[in-house]
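When the chains are written out, they are named A, B, C and D in that same order, and each has its own residue count from 1.
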Amino acid sequence: MLDFRSDNTAPAAPEMLEALRAANEGMTPSYGGDDWTRRLQERASAVFEAPVRVYPVASGTAANALSLAAAAGTFGSVYCTPDAHIHLSEWNATGFLGGGTKMMPVGTPGAKLQAAQLEAALADAAGWPHKARAAVVNLVQATEMGQVYTPQEVAAIAQVAHARGLKVHMDGARFANAVAHLGCTPAELTVQAGVDILSFGVTKNGGLNADAIVVFTPSAAEELELHLMRAGLVWSKMRYASAQVLAYLENGLWLRLARQANEAALHLAAQAAEVAGVRVVEQVQANEVFLRMPATALDRLREGGVNYARRGGELARFVCRWDTTRAEVDALLAAIQAASVS
Amino acid sequence: MLDFRSDNTAPAAPEMLEALRAANEGMTPSYGGDDWTRRLQERASAVFEAPVRVYPVASGTAANALSLAAAAGTFGSVYCTPDAHIHLSEWNATGFLGGGTKMMPVGTPGAKLQAAQLEAALADAAGWPHKARAAVVNLVQATEMGQVYTPQEVAAIAQVAHARGLKVHMDGARFANAVAHLGCTPAELTVQAGVDILSFGVTKNGGLNADAIVVFTPSAAEELELHLMRAGLVWSKMRYASAQVLAYLENGLWLRLARQANEAALHLAAQAAEVAGVRVVEQVQANEVFLRMPATALDRLREGGVNYARRGGELARFVCRWDTTRAEVDALLAAIQAASVS
Amino acid sequence: MLDFRSDNTAPAAPEMLEALRAANEGMTPSYGGDDWTRRLQERASAVFEAPVRVYPVASGTAANALSLAAAAGTFGSVYCTPDAHIHLSEWNATGFLGGGTKMMPVGTPGAKLQAAQLEAALADAAGWPHKARAAVVNLVQATEMGQVYTPQEVAAIAQVAHARGLKVHMDGARFANAVAHLGCTPAELTVQAGVDILSFGVTKNGGLNADAIVVFTPSAAEELELHLMRAGLVWSKMRYASAQVLAYLENGLWLRLARQANEAALHLAAQAAEVAGVRVVEQVQANEVFLRMPATALDRLREGGVNYARRGGELARFVCRWDTTRAEVDALLAAIQAASVS
Amino acid sequence: MLDFRSDNTAPAAPEMLEALRAANEGMTPSYGGDDWTRRLQERASAVFEAPVRVYPVASGTAANALSLAAAAGTFGSVYCTPDAHIHLSEWNATGFLGGGTKMMPVGTPGAKLQAAQLEAALADAAGWPHKARAAVVNLVQATEMGQVYTPQEVAAIAQVAHARGLKVHMDGARFANAVAHLGCTPAELTVQAGVDILSFGVTKNGGLNADAIVVFTPSAAEELELHLMRAGLVWSKMRYASAQVLAYLENGLWLRLARQANEAALHLAAQAAEVAGVRVVEQVQANEVFLRMPATALDRLREGGVNYARRGGELARFVCRWDTTRAEVDALLAAIQAASVS
């Protein structure tokens, strides 16, 4: 079986396991008072070239929902694209954990949000009474179609948002892949571009069971710690989460893992484009490849033991994991070739 | 420094780490579709001698709040003692994550809930219109004062609860310690005594970063899976949580760890009782020892480097971890002796 | 000053006041146990030609949010147009009072929802895991642009909705105007077309301070009474709300008031269309007239003492109340003429 | 039938109806922009001898829940007696509409809260981590047993509360009866004693369908207007609610109505105390009389056509309305006499 359905099916990078083993010594204060959590703050501040505050949490959904709850406040609304993960794929965790936070879709499904679209929507909303208070704009890095916002694009959106009093939240489920693709620094893509708070994805890119929230702007997350406690998302033995995220950020591990996944995806896309009847949809900018091919070919691919995510009749997503090998990609390409020919 | 402040300061049992390492092989379906999660269901069903459904979660607070949210429904209320953990110590996570679930304190602080107290409270509530719907009774195992409900006591409360249509929830933060103390089977203390849903504590007793919800009565948790997803409490790489809980339940690890902690506590209590000016408050039934001694003695103990939890002027709690050694206990006893003498 | 800004600025019909006066006699059970509430059930059941249950509430927002909360349940989502009142104009009352209910915009702003659009959206949603559960479709009668769904259009949408297990909710803020325009029966536009639950607008059409929820399908509103109580929306002296709604439904008062408003709007539109530089946007189907004219003309109109709702640079909404006189409309037309000429 | 079950069964005072009739003239801005609402602010500020802000709402539950939601904030808890109306009788509206607000019972059921009890509870809570934030203390005027807090008692509690950063909320469902009993000014019992926000009861004391929130301390209700809008509790035709509350406050109507009810209750209690086998429980301080008499006598009373509220086997509550006549009380006394004798 060839597995290209998700980055969540992969094991963790060995360095992560080793970090857990190393953290399993002696007694330490609970609920984040430990040394690993302290070192994580320092390490992340170095990585982002700014004093940040990092909160490990159990999932990307938790990271998104709680960071948005803190940033939006009770009566705030969150602007996002119509296919944003927080809007379509998280059981309204943000609306619920925010205590009534509202999602306001703006822009075009499948595409990146444009600063002008946000400006138009906010200008329109400003003219109405009785609307929820525009509070946060959410950017997904990478988008649902694997596209990556550049630092310039983020900055343009942040400028619009900040001018109207909104905070900027980045859903960085594949933030490492975005940084690896762009070749910029993590700081350039976040704090220097105006991002106030980041859901920092770890699990999909070689982690075990912790993601993290990174706060750049303290006023964007004033009651975040209470939100986390009330949601049952503060581990008593925090060291086992902090040690994961710390190991992820040390020695460039996070970018090395992302680069591996991105390179596999680029190779897959380049070769698949050569197959007759197969079209690569969107330029590959992270670790996801979207291929359009005849429905019968997709059916044959599945029947032949290839696991991928079908997106409607003729569209499919193939995800490369941090540990996807060249051999796996080549086997997939052979299967695509065969399915397309027959 | 002698550390008796909490079981959360301990490292994890080596078997837990080894289980994570062993689980870190190959690809596997995400969100609980993996083999470790499947085996956990089987293992837990064997341990509890009944077909159960187990959901690993990130914390005891999450386990309590979400299991109660599912059991109580939107308009239900939860009866608990006035010092119950869900009422006083979890930032109203249950009220919030339940979408309006109400805690109804009944009984006496510091004491176990008695079936007759519950019956009286429910009879009183039944005579009033406009009250929240009585939905669940919550029992903490062990209580905030380290006391353990016997199977007979649980059964008596469950009988009252079930007769009035309530579900029985056990907050088993120290469930292993309770079973180890009682010498009964896990089934006798839960499903056979009428417990419908259990917050199954793992972290405090040698775990890393996962606790679990155990459902005995499916109708008591009908939408639990949706509650968990919406709260961001379903790990995509569930194997790393399930493998922990599975290892905990295999080869009697959980009871062995609990016995070690209980024995240390019993030894501490027995010897402390001999010290002049020191009184052991409540019989030790788990891994917590409550000592009453002069405030000045408690002050000296702290100054001398002993870490414990002060509970008012003359009362203090000392917790024995799974890895608390006899030498540590003896050192504590010497420190208590010295602090009491001077 | 000429007032065309809203139907909410009007006084109540004298019959409503008289009904309150008549209800102010003697003692009566509270919380809806009174005779006026009983008679309201009977009267509404006659009007809708089906056994209905009517709940007077304090506002249209309350009617929408609570009926949708009951119909959608905790995890359900509500499909509505991108400019639906519940989505844009009620501070997310539905999302909040529903305890996490999610709005899913579908269709085109300014236009009626089409059955095919709903079908496509639901088919798409059905293919995804992790989405909120599609639970209710919301239709606004009349739409934000004053358009009215016909019984056939409602039935087509209801057929799609019911086939996929969704309930049909009608936001009938101007339901009376819609019925008056269509010349159909209230039953044909609701229960016979598949509507399960209706926010029945009263206030805008000559009422004082009560609107109502009308339940056609009991299973669509199973815990509505608890939702209402918990939201503080059950009056202890319910007779003063029920008597209003009852009077509204007696002797055809509600349709007579709506017809007056509709006729004024039709007259306004017909004459305004004759004015050079003025365009009537959308056919008038209720009591709202949307006029497009040069921004300078709209400015002059405002400066000249005409009160209306500006909708962007060149678009304005003029609402005719139940008590808008022919003389007022003619004065407005003269002002429009003057503003357009100068 | 003799009706002593509730003050909610009474009709409204004629002055209230007349106020509605007088308000039913001409057009006026909606959502509180009208003249009646403006005059209400002025009148209430005169009554309370301080600049106050008044918000009419649909019910006492709404007034309590929304004023507490605004005062407590998302993470705050509300201290109240174990039998407080907000805790036992409003379906957890406060917990729900506050988005997770927690009730913390303190004191003794049936008795007024004492400042020392509050101080002890707050001191205890301050020593614990992980507790909800103590935010508001709630006083019910009159209590569930008809007892009235004096200005001195309110001030003592407020002093404790303010010293620890809590706001003081008064549930004034029978505030008029309390003022009438005490003979103090409304200011002395509220703003001058340290009350920050008041649920001002109107309905029970001759109103129709509006109660009100009175804000003395603006910082205690910072987002109250948004809470009210989101809860569907802002009437578009606000004049019909404001006119009611305004009439209630004019010419001393509210105190005159309360005095009538209180006097009937005092007469009832004085005479009932003379009946053998009947005991008046608690001194009558408002319009409620609690009588203890043999269960069989209470049964006979009910069978004989007297309507009252049974509170357990031998205890019953008799409420005098603003329009309860001396003849009705005397008839009740005769019935009590007869029931006790037989």
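Following the convention adopted for this analysis, a residue touches a chain if its C-beta (ideal position, glycine included) is under 8 Å from a C-beta of that chain, and two chains touch if they have at least 3 such contacts.
For clarity, every value in this text was computed on a predicted model and none was experimentally measured.
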Counting C-beta pairs in contact for B-C and for C-D, the higher total belongs to C-D
So the chain most remote from subunit A by C-alpha centre is D
The distance between the C-alpha centres of subunit B and subunit C, rounded to whole Å, is 51
Length of the line joining the C-alpha centres of subunit C and subunit D, rounded to whole Å:
34
Spell out, as numbers or ranges, the residues of subunit A touching 2 or more other chains.
75, 90-92, 96, 99-100, 130, 226, 229-230
Could you please specify the touching residues of subunit C with respect to subunit B in the complex?
74-75, 99-100, 130, 133, 223, 226, 229-230
Report the residues of subunit C in contact with subunit D in the complex, numbered from low to high.
3, 6, 8-12, 14, 17, 20-21, 24-31, 57-66, 90-93, 96-97, 99, 203-204, 207-210, 226, 229-237, 240-241, 321
Per the touch rule, the subunit C residues reaching subunit A in their complex are 75, 77, 82, 88-92, 95-96, 99-103, 105, 127-128, 130-132, 312
